[in-house]
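One chain, chain A, appears in both complexes that follow, with chain B as partner in the first and chain C in the second.
Here is the complex of A and B:
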């Protein structure tokens, strides 16, 4: 078999997406793997949240989120139901917006722009983690932990700490990734790659996912 | 996970026609920390074979206990020390053995050893790719598997023994470290090992999916893919979507065991006292059923993770060796797809007698029985593929036929069990043991043997395995396996429960003494026969006959266009393009039509020249 002949006959159908020889969705394998990873991770979170649902609905009582989450740092004993968590959510969404802007700058090949917005994203993530640390400390101080819960059934406490902790761990790893991406942008590594700032898009995907999951966690513990 | 992808160079991803540069590897980069998919496939395979020997040996040990519960075997004491004082196995050890046997065989042998080996070997070779999408993540996938295995292995040497709560590890038993001997450190290591295994399978799966979707060679449309690739593709999808659920389940269990939460526990009385947690409160609010749901949401798809790759390989081997196109290729693809979807919707058929709401149970009966439809389509198509074929009984072909036989025998009992009313008496009896060993364990094992005999030349530098030994291996294994598992149906139908250490206390089951001895003898014979295979395997790696042409089975698929001694990058020249489907045998007067020859050149195709060893 001679390979030359083959090489000349195969352009006929190159335009068709699934013909082989190129990606059918026009995405790199890296992004594809990230998407599938996120899908998989979504299943982990979904299982945890469904477990939450199952335990919650088998419990005769539940804690009132407006009572549990009513403290605000610096406000003393004034009650601000859900005030602090709204702030946290806002910070996280804001940081997602920053990362979107970093991706856009990446498409423009603008290193300074990527760095600026990525830095914002990192700050937002770190601030969220700080808020979460404060909230946890406060609740533990009030006597709520994975074994006991003065506001209601034990299950509330253990689910709350496990699921927000698991989410916080994701935020933490997202911040690490963002820092890594920031450093590699700063030292020109991404700029010199032939796929440019695609890595910013990939860590960005992860970051938005973490953000999206928070919406569900927020819904489950604070709103419902 | 995301971090691992970083720092990869992309030279393998744009599978262009550039000349490939040979690396000057040393032993470590070539065979140990290799990123070459073929070496990783070998690593998975050899690790899998070692695990299989360990896992099957365990079953021989506990079969000895079941056959001769009253004898004592001094050799056991020599072998096992304090676990068999006076030559009698201790019940704790029996349960550890059963648990380890199940875990090892299902996850390490039939998931990693089977799908890990052949997905790695065949996806790049049959899709026409130089290597996996991300060779680095692929390498990590093996290393996570190896470490998971080492941790599991080390748990065997713990003071209190390995985990002993069954491969399904149901709480509350598994949730209470103090309840059983193996429930302490053994169970903890089991969970850690499983978590690492999940990471490994996730990394492998992501790679398989990305490679198949993104990197097929020119002309290789999805519907020209060999059925093997379709099977690996859906296996990977099932893995990526179901293992994370087990991960969530395992995390909750780890918290219950090590940090005093109560996700799965509620109102537990232990040694006459009610259990309290660190804060002095009664443990309550959890649900052991929750674990069963999370476990079986993985557990049922897992059985398809095990069987689909075997199905794919068997389809390919049956078609090649009957010299006929696979009957109903499209139907085969859609039935794999249907099985994939349905496999996520049937998990509660393992829970009919758990206290599940009977209405929910009836819904699961319906969906469970639906899955028999695509399964039957596949069986039908295999039979019609072989029907009036020009059959060549190669060892691979025999094992493929054996697979079909096993799958039918075991699938039929699945239909019994899928009806909740029949399952009530049959659940947790030897009937279930018979069902899943025949339909899954033996069938997938046969698929694995078929794959090894068929693709051995691609695994090990063009060497072939010895055929006479393979025939002996096949016949004894086939007959022996039926002898082991067929009688278990009768045990189960009269209610003999599974997972019992001894039946001495039950007069009714006394009549089965001889049958149990028969089963054990068959098991020992089959176990010993496998050493023929092991010998053949390792001997052939070094001294096997080299294949005389590049395409010993006269197959159509792309892996047979590669050189006899495969280098890094698979094809020394350009990657072949593809012009037709993978299973076109005996068409238009041609015995076979390789995928990579354009229609216009078919008449000039001379296998003697084209397939001569270069």
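Here is the complex of A and C:
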């Protein structure tokens, strides 16, 4: 078939697609609803991060991230500006990659492959949470909490714990979903379903969204 | 939706695309952190307008790689992509309105002492 023919067929299909009978988006109901949930969640995170921006613009001074986030576990008082948070970012990106690979293995009905990469994704998520626990503990020891902040305005500490906490809660629930998907894969539940491993895709979408939000949390708190 | 089993060629090209996106995400993050630390060492009190613009652009590029490749939007139908991305246009208003609001609070604090 020539490329022109393919284009015509595609065009006709697009018109027929909206006349009922099947999904014009070519995705299942579950995946579409996961997308719309994530869209609404994106607005929740945006409202938090934009509040951070508004309060920062209203404040004559602000905390310097290079000073606040300069500790690294096991390095004592040596200053490593942004070192630890870069490691956390890398862990979360890798974890996201592992889950994409699990989704691809799911498209091949390869149960062992899905389990292997999903396990990697769970480990990455757990490692990220561990890092965040260390960072929070360290900053609380330094005297930063939701009422006080030795590095600058109180709003900085408050928003830091609120926003990274809300993100951490998403990471935590994502890890729980990944564990659930891992167990169900191991039990052979998805292998026997009509839509196969589609649940891995839906859980995966949520997990990548957590990574996506981290890009902007990282931007707002650590870079700008 | 019917299941589509990947053949070897599709499988290999998808895996390669994922690792390529990973490489980009890693490189962009390293450049961002490098720029932040270098700027802090060289010009701790300099004007950050260009640096911040770079950070925002680089983060949007990272977001593109995550959404397009990891979340698979690049391979979805046009209609679905528009239905997901069009509502995010509200962010433009959202950001401008609230940053202006913050600026105005700041001005009231500084000039009026409220």
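Points worth noting:
By our rule, the second predicted complex is superposed on the first by the 209 of 224 C-alpha atoms of A that agree within 3 Å, B and C clash if a C-alpha of one lies under 4 Å from a C-alpha of the other, contacts with A are read in each partner's own complex, and residues count from 1 in each chain.
In this text, a contact is a pair of C-beta atoms (placed from the backbone, for glycine too) under 8 Å apart; a residue touches a chain by one contact, two chains touch by 3 or more.
Here the structure is a predicted model, which means the values were calculated and not measured.
Contacts of A:215 after superposition: chain C is touched, whereas chain B is not reached.
In the superposition on chain A, A:21 contacts chain B only, with no contact to chain C.
Of the two partner chains placed around the shared chain by superposition, neither chain B nor chain C is touched by A:183.
Of the two partner chains placed by the overlay, chain B and chain C both lie in contact with A:39.
In the superposed model, A:145 makes contact with chain B only, not with chain C.
In the superposition on chain A, contact is made by A:108 with chain C only, not with chain B. In the superposition on chain A, A:153 contacts chain B only, with no contact to chain C. Using the contact criterion defined above for the overlaid structures, shared-chain residue A:55 touches chain B and also reaches chain C. Common to the chain B-facing and chain C-facing surfaces of chain A are residues 23-25, 27-28, 32, 39, 43, 47, 51, 54-55, 58-59, 194-195. Per the touch definition, chain A reaches chain B in the complex via residues 1, 3, 5-7, 9-10, 13-14, 18-21, 23-25, 27-30, 32-34, 36-37, 39-41, 43-45, 47-48, 51, 54-55, 58-59, 145-148, 153-155, 158-159, 162, 166, 173, 176-177, 180, 194-195, 199, 202-203, 206. Within the complex, the chain A residues that touch chain C are 17, 23-28, 32, 35, 39, 42-43, 46-47, 50-51, 53-60, 64-66, 81-82, 86, 89-90, 93-94, 96-97, 100-101, 103-104, 107-109, 194-196, 198, 201, 205, 208-209, 211-212, 215-216, 218-219, 222-224.
Those residues of chain B that touch chain A in the shared complex are 1-3, 5-6, 8, 10, 13, 17, 128, 133-134, 137, 202, 205-207, 209-211, 213-222, 240-245, 247-249, 251-252, 255, 259-263, 277-279, 281, 284-287, 290, 293-294, 297, 561, 573-574, 576-578, 596-598, 600-601, 605, 610. Those residues of chain C lying in contact with chain A across their complex are 1, 3-6, 11, 14-15, 18-19, 22, 25-26, 29-30, 32-33, 36-37, 40, 52, 55-56, 59, 62-63, 66-67, 69-72, 76-77, 79-80, 83-84, 87-88, 90-91, 94-95, 98-99, 101-106, 109-110.
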